[in-house]
Structures are given as C-alpha cells and as structure tokens.
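Below is one structure, written out as structure tokens; the observations come after it.
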Amino acid sequence: MSATTSPSPTRRVAFAPNWPMRIALLLLLAYTVWASSRLGLTWDRVAHGMGEGGKLLARMVPPNFERWSLLLEGLLESLQIAVLASAIGILLSLPLGLLAARNLSPWFVAGPVRAVIAVCRSLHYVIVAILFVKAIGFGALAGTAALVVASIGFIAKLFAEAIEEISMKQVEAIRATGASALKVIAYAVLPQVASRFIGFCLYQLDSNLRNSTLVGIVGAGGIGGTLFAAFKRFDYDFVAAILLSIIALIFLAEIISGRVRAALR
Amino acid sequence: MSASMTASAPAAGLASALEIRGLVKEYVAGKPVLRGVDLAVPAEGITAIIGPSGTGKSTLIRCINRLVEPTRGSIKLHGEELTGLSGRGLRLARRRIGMVFQEYNLVERLSVMENVLSGRLGYVPLWRAWLRKYPAADIERAFMLLDAVGLPEHATRRADALSGGQRQRVGIARALMQRPDILLADEPTSSLDPRTAVEVLELLTRLTAAEGVPVIINIHNVDLAKRYARRIVGMSGGSVIFDGPPEQLETHHLRAIYGGEDWM
Amino acid sequence: MNAIPAAKHDPVAPLRREWTRLTAAQRISRWLVWLVIVAAVAWAVRSIDIIPEFLEDAPEQMADLLVRMWPPDIAHYYPAVHDALIETLHIATLGTVFCFTLAVPLALMAARNICPIRPLNTLAQLGLVASRSVNSLVWALLFVAIFGPGAAAGVFAIAFRSVGFVGKLLSEALEETDHGPREALRAAGASWGGEMLKGVWPQVQPAFWGIALFRWDINVRESAVLGLVGAGGIGLVLDDAINFFQWERVATVLLAILAVVLLAEVIVTRIRARLL
C-alpha cells in the first residue's frame, strides 16, 4: 500500500513526532562519535585501559597502612585547613552578603561586591590554590586562602540571595521605630535569614573538608600532597590507604553535619 | 462607647501636634499622588483619614515618618521640621513617631517580647539591642503593655504563631513601647475580620487615650471611622476635600470623596 | 480608665517580671556550640603549619603577582589556548554523555519503586556514593595511571565522578514518580520495557534534562583543572604557563576559563528556561 509511505491528508497522526528532539539526539550522537575520535578515544584504547585498570586495582589491594603517621598528619592538616577556611570565609561572607543584597545596599556598593563574589565563584578552587602557592609559597596557608575564596563565592552569593527574598515589610516596621542600620540588620534582617545562613555554612564546611583533601595536589597543604607523591612513586597500595581514609573522613563529616542539620530543624 | 467619643471636645481649642503644609509627593515626576495637602492634627484623639484606594492616604502617612520621601512641603511635629532630616536626626524623629501597619509587619521569627521591645531600638545602644539586654524599666513596660493588650502569657511565643488579631495587638504594643508623641496607623484593621477589627480599634483608642497620644489612622470603613474618630479627613485624588468632626460628615461629602452613590 | 499605670507609682514592684530571650537549657546549648566552634578554630590556628613570614608578606606577594599578570598576553590565545579550551569543552561534554551509560542503570537499580530487590538497592547506592566521594581530580590521577596522560583520562575522570551525582538525583526523581500510569500500563499488558518507556520516562524526562544540564555546567568548571594532573584540557596550558612564570599568559588562560564558565552558565540557564 502506498498509504503507508505517504499518509493521505485525511489520516490523523496520533503522536506528533517530536522532530526537533530527534534531530537533537542524532546530532548529539554524531558529536559523541566525532569528538571521541578527536580525543583519541578508541575501542582499542578503552579495552587496553581496562586491562591496565585491572592491574592497577590488583596493585592497590591490600591497602597499605604502614605509614599511618604520615597519613594521619596529612588528614589533620586537611581538617585544620577546612576549619580555618570555613571560619574566615563565614566571617567575610556575612558583611559581603549584606553588601551584595540589592534590597539593602545601594547599587554602587552592591554591583562591585557582586562582581567580586562572582569571580570568587567562577574560578575553580584548585586554580586559586595554584595561584596562592605561587604567590605565597607552598603549604597550608595557600590552601586555606584558596578555600576562603571558594567559601566566599558560595556563602556570600547564597546569603545575598536569601536576603533579597526577605519580607521588606518587617524591615520597614523596624526602620519606623528609629532603629539605625545595624539595629535593622540585627532585628529585621538576620532573624529572617539566620537559619538559612547556618545551613549554607554547614554545607560549605562539608565541601571545604572535601576540597581540603585535594588542594595538596598543587602543593597547598593537606593530605592531597601525600596522595600525589604516592601516585608519582607508583605506591598504589598506599594510594588505596589514603583514598580509603579520605572517604572515611568525608563520610564521618557528612554524618555529623546531617545530625547537626536535623537538630537545627 | 469609648472615652474619646463621649469626650468630644471642640478640636479647634487644642494645640496641634502635627502640622502639614503644602505636602506634595510625586513617585513619577509630573504625576503627583499628593497634591499639596494641608493638615493640622490635634494633640489628642483620633484623626481618621478616609478616601478611596489609591488616593494617597498611605503615602501621606508614610511621608510623616519618612518611609516615603516627600517631594515638597513641610511637616512639623511639635514645631520641629521633619522634612530634610537625615541620619541620626531622622532616627531621633522616627522614635517619637509610632506606627501600626496593615499587615502587622511583626518580625515573624522573633518572639512576641522581642517584637515589643524592638520599639525601644531608637533608644537603647546597639550592644544592648544585639544581646537583648534591655533596661529593666523597658522590660517592665513591655510586660505592662502586653497585659494591656491582653497577651501576657504569649511573651515567649514566636510572632508567627499568633492569629491576625493577636499580631496587631503586638503591633500596637510595639508602637506604644516607643512612648511616641504621635501614632500613625496605616489601615490597621483591613486585614482583620469585622469583630476583631472593632476589638483592635477599641484597644487602640483606649490605650492611646490613656497615654495621651494622638493618632492618625487610615481607614476604609467609614462607619468605624465615624464611631472612633474625633475628626475625619476625607481625601480624594491626592487632596483633602473634607476636614471636620464626624457629625458634620454628610452624604454629599461621602459622594464627593468616593464618587457615585451605588455603594452607599 | 488608666489602662497603663505609670512607672512612678508602681504598686507591684516586688512582682517585677524577668524576661530572658532563651531558657536556661537553650542558653547552655548555645554556649556549648560556641565553645566547640572556638575550640576547633583555636586548635586549627595553633597547630596548623603556617610560616609567619609567608603570612606577613602574603598581601604584597599577591599584589606583585597581579601586577605581573597585567596586561594579559592576548596574542597567546590563538591557537594554543583556544585549542586547549575546545578540548576542555569536549572532555566536559563527552564525560557528561558517557556518565549516563553507568548512571541510568545504577539509578534504576537504586530507586526502590523500580527495583524491588533490597540488596540491589543498597549495592547501587554504594556504587553511587563511592563515585561521589572521590573527587574528579583523584579520578583523573587514577585514569592517568591507567590510560597514560591525555584527554582520554580526563573524559573518564569526568564520567566516573558524574555517575554518583547524576545517579543520585535521577534515582530520587524516579522515586518521586507517580505509580498510577505504570499500574495502568501493566494492567493493559505492557512489558517492563514498555512500562518504563511510556509510564516512567515521561514523568522523569524534565528532571533528566535538568540534571544533565546541571552536571554539564559543573563539568565545564571541573574539566578546566584536570590538565594539572595530566588529564588534558586547558589545565595543561595553565600549568605550563605557571611553571615557566609566564604570568601574562596565565592571565589569558584565566580569562578564557572565566569566560567559558560564565558562558556555560548562561547557556544552561537559557536552555533550562526553555525546557521547563
């Protein structure tokens, strides 16, 4: 029947075919194939890699905890970096967030502050860490500074957004009592955003801890340095030990912050 | 009936607490919302401003404590010019002016007590405010006001746990906590049911009479205005077109204020 | 009718009421929280290995670095930085595409309403958590060890890191689906595949695209640093420029990264607004 190939005008289509979506999917498929070949991702290479991966895994077990003191030292330094960076980041984010909120501060203040926050947020913390390492030398200071920047990018941004969502009626009422700007902040702004702010801080503490285990890869202190060194020396059983410890630490932190968040609610 | 109704002394005999001369407000240049309002508010009793929505009643009230910036004109509180004040001067003026809002505008996540005490923010130093270390006299007065508005046992509850009527009572307590020279009330009963509205107005009348605080109130309900106010100001199109005691407010005035008569 | 007695002749002065903002228990727990915070910070400050001289001249050194970066060496952009940037985008996109080959089966296994076998749920959850707890830079180190340096390691690092994120969100979306349409299809005699395709997929489709775009945005940021450990992309160019102290070039690379990251964010917000 010819009707199957070219539908007659009287036949109604039950499902309108979603041509844009089909074309988009085809393009995506074509792109995937093309880009894979450009990056040299071939089946041979993947298959070869699988074999290598097996060997690597074999060399990773059993994890080697012999140098546990080195491991513990690195973990503690990561923890210190995370705690310090969070504390400083939170302290700086409070005023920055208030200054960046467009409903409280004038545009010529809010604009530049927002720009600073946007730059803090857009640069990956590892890149910031390298820059700090080059500028102020290897060690925990660079890592702390990098994570402070990352914390500002996250907390100050969300804090400013939270402030922009508050009810201005309550602000107006407190302003009408003759309260100064700082008293208005204490009585009308902070009560409305305090719980969300604490939430952001806890979240950032969590991610600072994750990230502090990593900045060492570029020499900015913490367990990451030990990990990178072990990789370079092909000490894969020690690598496994370090990775397991990091995962355990992050897990512990996640459980604790989950408890704290539940208690706050 | 309340004290203010029976003691309806001639308004002309009293010195005025607030004097407004030629007040103009333009949100958009060339389109005035207030077109030269002249008004003298007597030193006691309730002055009610009535008029259709969008006629600038709320703007007028907000110009007095400068929540809205007037474009032109003069506002004098006990002889002190309020327009042109800024910074500390403005805050000192604002603490003498209490305000009650249509939607209560309590800080919902603070306790009732903190909301009432926030009326003292213009007086106490920042550290006291921040640490909630108010002078004992302030706390005592706050409790007395809570007693007076009938909510003594709610002091430690959070404001968002209260009903609308209860919230507006807290709003009145907060405003009186300032020991104001004048109290502004912007549609204080519009968000309340009729019975609660009467209760709240009754309370407002009683407490301000006891404290000797004059009140300017924006109100939609003409009957309530006539019942509680010593003086009525009718506004239309940004101008005052009636100003006198409630007894003199006649049907033809209302027609002029609100336009048409189908609603009556 | 004096409703408010004046403070002067206060007859109930002995009955004066106290008001405190917090109950005793609340105050103690607040103090404890502050104590823990202060103790943690004090411990970190005292024992962290920071060289005082470094701290002292840190602002000066930072300023010096910024001065040396100015003006950016724009001429360096084409072709070296440009090609690396394109490679970075390829890594991010391919990584996002490939992550779905693992993330979708794991998400189906982890969703309790799709896969009724409890041990399998737990197993899938465990896999997703493992993927998430290892940072993409660590995944990159592992894959560089496997594939050798290059973009292939980067693609796999991005894909493996994304599996946990995408899988978790996807399984949550699956668990929120309405059971009704599936039941109706089953009653009509549909196969499992038919149930999934016509009963579940239409419900999770918006979430699916949202998650994919969200992760792609993150992956663009992440893939910019993979080159630091040899996994391809613009990070490699950045690392070279830094190691040779070519600060004007570093500035160019940083600006390029910034531009791409912001562009990716704009694109994602645009598409999401059109899709949802």
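Order as written gives the chain letters A, B and C; numbering starts at 1 within each chain.
As a working rule, contacts are C-beta pairs under 8 Å (C-beta built on N, C-alpha and C of every residue); 3 or more make two chains touch, one makes a residue touch a chain.
Computed from a predicted model, the values in this text were never measured in an experiment.
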Chains in simultaneous contact with chain A and chain C: B
Two chains joined by the most C-beta pairs in contact, as defined above: A-C
Distance from the mean Cα position of chain C to that of chain A, given in whole angstrom: 4
Computed distance of Cα centres, chain B from chain A, in Å: 50
Inter-chain centre distance, chain B versus chain C - centres from mean C-alpha coordinates, in Å: 50
Touching two or more other chains - residue numbers and ranges from chain B: 114
Footprint of chain B on chain C - complex, ascending: 1-5, 7, 10, 16-21
Residue ranges of chain B in contact with chain C within the complex: 3, 111, 113-114, 132, 136-137, 139-145, 148, 155, 176, 206-207, 209-211
Of all residues in chain C, those that touch chain A in their complex: 37, 40-41, 43-45, 47-51, 54-55, 57-58, 61-62, 64-65, 87, 90-91, 93-94, 97, 130, 133-135, 137-138, 141-143, 145-147, 150-152, 155-156, 221-222, 224-225, 228-229, 232, 238-239, 242, 250, 254, 257-258, 261-262
Chain C partner contacts - residues on chain A that touch it in the complex: 28, 31-32, 35-36, 38-41, 45, 49, 52-53, 56, 76-77, 79-81, 83-84, 87, 118-119, 122-124, 126-127, 130-132, 134-137, 139-141, 144-145, 210-211, 213-214, 217-218, 221, 227-228, 231, 234, 236, 243, 246-247, 250-251
Contacting residues of chain B [partner chain A, same complex]: 65, 67, 91-99, 101, 103, 105-110, 114, 118-123, 126, 129-130, 171, 174, 178
